[in-house]
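Chain nomenclature is as follows: A, B, C, D and E, assigned in order of appearance, with residue numbering initiated at 1 for each chain independently.
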Amino acid sequence: MSETPDLECRAISKNFDDFKAVKDVSFSVPQGTFFSILGPSGCGKTTLLRMIAGFQKPSGGDLLIKGKSMLDVPPNKRPVSMVFQHLALFPMMNIGANVGFGLRQRGVNKTDVKQQVERVLERVGLGGVAERPVSSLSGGQKQRVAIARCMVLEPDVLLLDEPLGALDLKLREHMKIELKQLQSEFNTTFVYITHDQSEALVMSDQIAVMNHGVFEQLGTAKELYYEPATSFVAGFVGEANRFAATVESADSGAVQMVTAEGKALRGVEAGRGLSHGDKVDVFVRPEAIRLSRSAADLAQLGNTSEGKVENILFNGANSQLILRDLTTGAEMSMALPQTGEFRDLAQGDVIAFGWEPQQTRVYRAGGAHGL
Amino acid sequence: MSETPDLECRAISKNFDDFKAVKDVSFSVPQGTFFSILGPSGCGKTTLLRMIAGFQKPSGGDLLIKGKSMLDVPPNKRPVSMVFQHLALFPMMNIGANVGFGLRQRGVNKTDVKQQVERVLERVGLGGVAERPVSSLSGGQKQRVAIARCMVLEPDVLLLDEPLGALDLKLREHMKIELKQLQSEFNTTFVYITHDQSEALVMSDQIAVMNHGVFEQLGTAKELYYEPATSFVAGFVGEANRFAATVESADSGAVQMVTAEGKALRGVEAGRGLSHGDKVDVFVRPEAIRLSRSAADLAQLGNTSEGKVENILFNGANSQLILRDLTTGAEMSMALPQTGEFRDLAQGDVIAFGWEPQQTRVYRAGGAHGL
Amino acid sequence: DTLRLLTWGGYAPDDVIAMFEEQTGHTVEVTKSNNEEMIAKLRATNGGGFDLAQPSQDRIAGPQAEFGIYKPLDMSKIETGLFIPSMLEATKGNTTVEGEVYAVPHVWGTSGLVVNTAMAGDVKDYTDLCNDDVAGKVSYRLKRPTLIGFAFSMGLDPFAAYGDEAAYKEILDQVEAKLTECKANVKTYWDGGDELKNLMRSGEVVASMAWDTGGWQLNDDNADITFVAPAAGALGWIDTFALPARGRADDAAYDWINFVMQPEIAAMITASAGNFTASQGGDANVDDALKAKYQASFPQEAIDNIKWYPSVPAGLEAMEGAALDRINAAN
Amino acid sequence: MITGIPQSGAFKWTYRAYVTLFFLYLALPLATVCVFAFNDSVFPSLPWEGFTWAWFFGDEAPYVGVFNERPILRSVVTSGVVAFWVSLLAVFVGTCNAFLFVRHDFRGKGFLYILMLLPLIIPGIILGISILVFSSSVANTLEDATGLWFDGLRPGLILVVLGQFSFITTFATLVISARLQKFDTSLEEAALNLGATPFGAVRAVTLPFLYPAMGAAGVVAVLMSFENFNTTLMLVGSDAPLTITMFDRLKLGSTPVLNAVSLLLIVVSALLGLASLLLQKRED
Amino acid sequence: MASDRSKLAFWLLMAPLLIWLVTLIILPHIGMFLVSLREKVGVREYETSFANYAVFFNEPLYWNTFARTAYMSIAATALTLLIGFPIAYYIAKLTRGRAKTTLFLMCLIPFWVSELVRTFGWMILLRETGVFSNLLQYLGLVDGPVEMLYNDAAIMTGLVYTSMLFMVVPLVTTLDSLDDSLIEAGYDLGASGFAILREIVIPHAMPGIVSGCIVVFMLSLGNYLTPILLGGKDSLWFTGLIYSQFITRFNWELGSAFGFLLLGLSSLIVFVGLKLSRQSLGKTMART
């Protein structure tokens, strides 16, 4: 992609008095990308977004849109639009007036405003509602009006600050898919922030995982899920079982470790050279763990153990099994296969389990902030 | 269980003017059970619970606790306690005073109150916070204080009205497990209402699915999930793909059907005798569907088809595939296996899929209220 | 011009105003008030806000010396021939400060007792208001005339003590004691003329200290009620015309003075206010009934016995005020 | 509303009776005043002498009705003028204050806020006399220095307006701040984001949101101004507002023309009150 | 945001506030204080001294009136609270929808007319030839006319009546904000109605109670009309003294001193009230 990116941040940072909310973050977003920023509450996502929108002045760094620096452009002159967390639809105006607000500010004449408003409302599937009050809409429809209000201005970049946060579970599932579809239809660059990993994974072309004001990793959903670069990402994106261990030996990525209780583990190194004696954090995803009634069946897996069933959290396809590892005493969570074989599993049963070294990611300990 | 149940409702009902919020509901809850009432918003759950607590007078029927009718007992004399949706912790008192409130009302002397409060707070993992104000607690901690406030009175039945509704996603996941643990620790009968199926499935010993003021089905989580009695339950509990079809032939449970587009389907009958020409609703769970690159692999399954990939919703272990069935044009949602085989699947690919007749539940059409 | 007139109730009846406005083209705005409030208002505005005021002649020199709220009259603009000469001279004498005349007389009258003779025939003097047989059915004002009247009735002479603060204080103390003792007899202290009339007419009060005109008006409704000149002597007052220091319509004010002092107009005012005016010949046109009542209340010896208020020296009012407050507070 | 708390029948019954009595207590004096506006007697009290409209339309002494009483009509106009200016000023300053206290952080804010509330705990009569005394001394000083007259600083309508404004503004500020506090600032940011200028955003979004509260504050200001007595009494000059005129009349003892005025006032205030209620309804 | 906004906008907003507070509140009070320090020593001659305050302290009448005004006002406040609380509770918690709006509106009715008219109404009702007296006679409960006007009870009736609104409105507002489920939780935990009132309802309503009490107290203390018109010969009220110093004695110096003393008294009592109830002025008033 040789063309200028729609949005580029260069070592941008923001301090509130002594507190550094955003620390030298750099990234660029090519035209037409659905770019998500994912991170826990308080990590600086909103601050970053508000700097892009112009509501907050960066303490340092530069910010370019379509290659032009935006530092001295006031928010009402920037070619970006923002969808607010609670949408911020104007309650004193009807839907048409809301959507037409930006055009009116630009001095577009009345009939043109009306036409364009009607056109964009139709594109989001809400033709003919222009005269109705905002309050007559459902949560999902309001969402679409908020997007229409921005899209009618044909912004270079659309910013979205957790727009699904206020919706209830079922609607949120639905809107995830819809948002992605709207984005590809309009083919506009979206910068979307959220603390919900499933939103980010499902919708985004690119995801930046943010923590304590810095980007820990930037990549596609699959890269983050299967190859988390840091232990924070491994813990934050997707579910994971986590142990502390000490490296016995490390050889071109393959690591042999031992836990405090003396159990040997094998895994792959995620970062740079570990060596004997290093303290490490080990992550294994619940769905990577295989179960069996007989330990022999699992022998070919690199890591095996036995555990007692502590709890069976039945939840249809997403049922979970909580085991207590008999050797280490650690609590292990794993996906309960939907095959008939484990239907009669009961609390207190002892069962063998294991997982492959390739699915065991090892990070140098410290610096990691789990859930 | 021959002993008297902790709670028994006999044809209990409640009318608001002309509107019947609860219609002749009967059930009994044995001692120590975690009993959930699951249903969509407005189905009458809260009304039922408030009748048990004594805040609403039943229009008909009887209500017994430990075998004694409660109809004429005022709420402050009933041996039940309630955890309110927004917890209703008293903001004007510190934590200790909140938890000790009920004991003080009983005239227990100060030092005993103090001791018992401290003991129950320790049991919920909050020792030593008695002097702190309620506002200093996190959401999950408040939850536990609300439960402690009830448990210190050793009620026969603890009622909970969507106590997790106000919490955020991650915390809710966590509290589900914790609530269940607290219940088994105290060994008190819990009556828990919710509209979130995963809460009910994960925690409950018994679940009643409520709709329009009546119980549609009462059973364990697995019974509801694998053998839903009505199409409402099939649609409300767990995810499902749903089609309309017409019965060709029905023979001792096995049903042959055909969809409007002429596709033949095979399934099992959930209710009573269907016969040729009956309109039916057909439900298939996403995880019951198998995928394959070659249609031949799936030939042994009772129902097969081919579809074009519309969307891949990557979400780690819970990734979903949305296909458009090439013959019927219906949208099908299915679980995306985590095996390497389908990693390179892309939008627009055509793929074969199929599922077994045993996992195809067939209900007479009408009366069902889907999602 | 607009003439803003600060006056007493009844001194500017609507028909007179209408005639005046028609004849001169001025408009008149009336604010009804009493002596204290007139002075207070003028003091607050530093002599502004009104174009003509009508305080009593004894209340001009003191406030003028203290606050400078009036301006001297230009006697050349007043048709002095319209006035009863003796009254004009007396008033001018009482209201001269540093050689300038500040007021001319308008309406005069007396204060005494208004009695329902059927129910309280025994009340002949101020102190009789404290008799047991009228307990709870008596009213008077808590103002300086009450102090003066009671003093005379108790055989003291407050006017003689005006120049001597200590002597005056002595008198006040005695009066205060009497009035405090008498308080139990009082139903309520009245404040305005109509209030008293209501009290008397309804029978809630049977004897009161009041103006002569109030008694005569009540007499029209109820023949038992009338004005009685007290044995110790009625108190005589003269209300005047004075120009506020910063009035803006002096010409209209002079026009008004000259207009209302004409005998026919004066008679109309007498009819409205119930009191006689200082207009030469003004009583000629007065209704005979009123004259008859006047004569009934004032036999010659009663007229001779009228105690005319001399000008109040500055400073006395503070003492009186404190005494009145104490009486009011007593239980 | 609490539905679920069981109460004994007797208790419920007593409670209702108490509430009924209370409202009787509230309504009684006003009803009496209104009823006696139609008494065909020159005294506003018993006995009942028959029904008459004279106290509204009469033009023959002593039966002079409100509509023929020039001083009363004039004082109604005066009150109206005062109320208009007071509510205009109070709403304007109240709106500024609301923006200042809700939107800005500055040193001494807490102190200024308490100062702003102070008029609530200053008796009205003291506000009146302090303004009277102060403006008089300023006027005296100015007059001594310049030889001109400063009648605006002497008792009169200007001081009445200022005196009422001095404490009604606090109420206006409280009402408008409460509403502004509920305003979601992201609406303003959204307007900026859509291209509005900072002032344009306030005008297009924030002010419309505040209108109901400003309207309600205005109505409250008018009502308070109309009924104010304590402060006005000290500052009034020759143009007396209605309450002062009525007080002067009442002190002297009056004909039922006062009842008639009161009845009209009640009707008008009731209409105003309803209007403000409707405004507040729209607010929710 | 504030820091990003222009300083100009800030000062433009600040200006009206400062002008209002300085010219209409602060300077006049300073001016009044200065006047109260002027001792009159002769015609148009003044000296600076505390003589006016000395007058107050040397004259039992004045401080008796002062004390009487204070305790009558406190009594009126307490009475208003006692009468108004059950009403506010009824409106806030036991009614809803239209009934609630109507009852609430009905509480505002007395506010629709000036205090003067309200007092006038009471006078017609209470006087010896008034409605009550005649009613009692008609019912045969008394032989002759009874006078109900011109006593402390009449003053109380009038004061309570006049201030009721200012008690009920903040109470309804705070009680409305009390989550019903707290009360239900109280019952559910076994509390009696009284215990709930004492432990939950009253603590929650405290800001409303305090703000209502402050306003009612100030209104009573600063009232002039009601005591004068209903109190008759015993109507001594401190505002009346101030009024008469200004209006009938033209003694602004002493009047100012009295005014300052009243201000001091009211501030003191409000301060003590706030301290005792552990509320702050800003917080309680913002809720009304």
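Here, a residue touches a chain if its C-beta (ideal position, glycine included) is under 8 Å from a C-beta of that chain, and two chains touch if they have at least 3 such contacts.
The UniProt protein names, listed by chain, are A, B = ABC transporter ATP-binding protein; D = ABC transporter permease subunit; E = ABC transporter permease.
Note that this is a predicted model, so its numbers are computed, not measured.
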item: Co-neighbours of chain E (ABC transporter permease) and chain A - touch as defined; value: B, D
item: Relative to chain A, chain with the most remote C-alpha centre; value: C
item: Pair of chains joined by the greatest number of C-beta pairs in contact; value: D-E
item: Farthest chain (mean CA position) relative to chain B; value: C
item: Centroid distance [mean C-alpha coordinates] between chain E (ABC transporter permease) and chain C, Å; value: 37
item: Centroid distance [mean C-alpha coordinates] between chain D and chain A, Å; value: 56
item: Centroid distance [mean C-alpha coordinates] between chain B and chain A, Å; value: 28
item: Per-residue multi-chain contacts in chain A, two or more chains; value: 55
item: Chain D residues counted as touching two or more neighbouring chains; value: 4-5, 45, 132, 198
item: Sequence positions of chain E (ABC transporter permease) contacting 2 or more other chains; value: 1, 127, 129, 184, 187, 246
item: Residue ranges of chain B touching chain A (in the complex, touch as defined); value: 169-170, 176-177, 180, 196, 198, 201-202, 221-222, 225, 237-239, 285-287, 311, 313-318, 322, 335, 338, 343, 371
item: Touching residues (chain side chain E (ABC transporter permease), partner chain D) in the complex; value: 1-2, 5, 10, 12-17, 20-21, 24-32, 35, 83, 86-87, 90, 93-96, 100-101, 103, 105-118, 120-122, 124-125, 127, 129-131, 134, 161, 164, 180, 183-184, 187, 193, 214-215, 218, 221-225, 229, 239, 242-243, 246, 252, 255-256, 259, 262-263, 266-267, 270, 281-282, 285-286, 288
item: In the complex, chain D residues that touch chain A; value: 184, 186-187, 189-198, 200-201, 204-205, 208-209
item: Chain C residues within the chain D interface of the complex; value: 4, 6, 9, 14, 29-33, 41, 44-46, 48-50, 191-198, 201-202, 246
item: Residue ranges of chain A touching chain D (in the complex, touch as defined); value: 53-55, 74-77, 80-82, 84-86, 88, 90-92, 101-102, 105-106, 149-150, 153
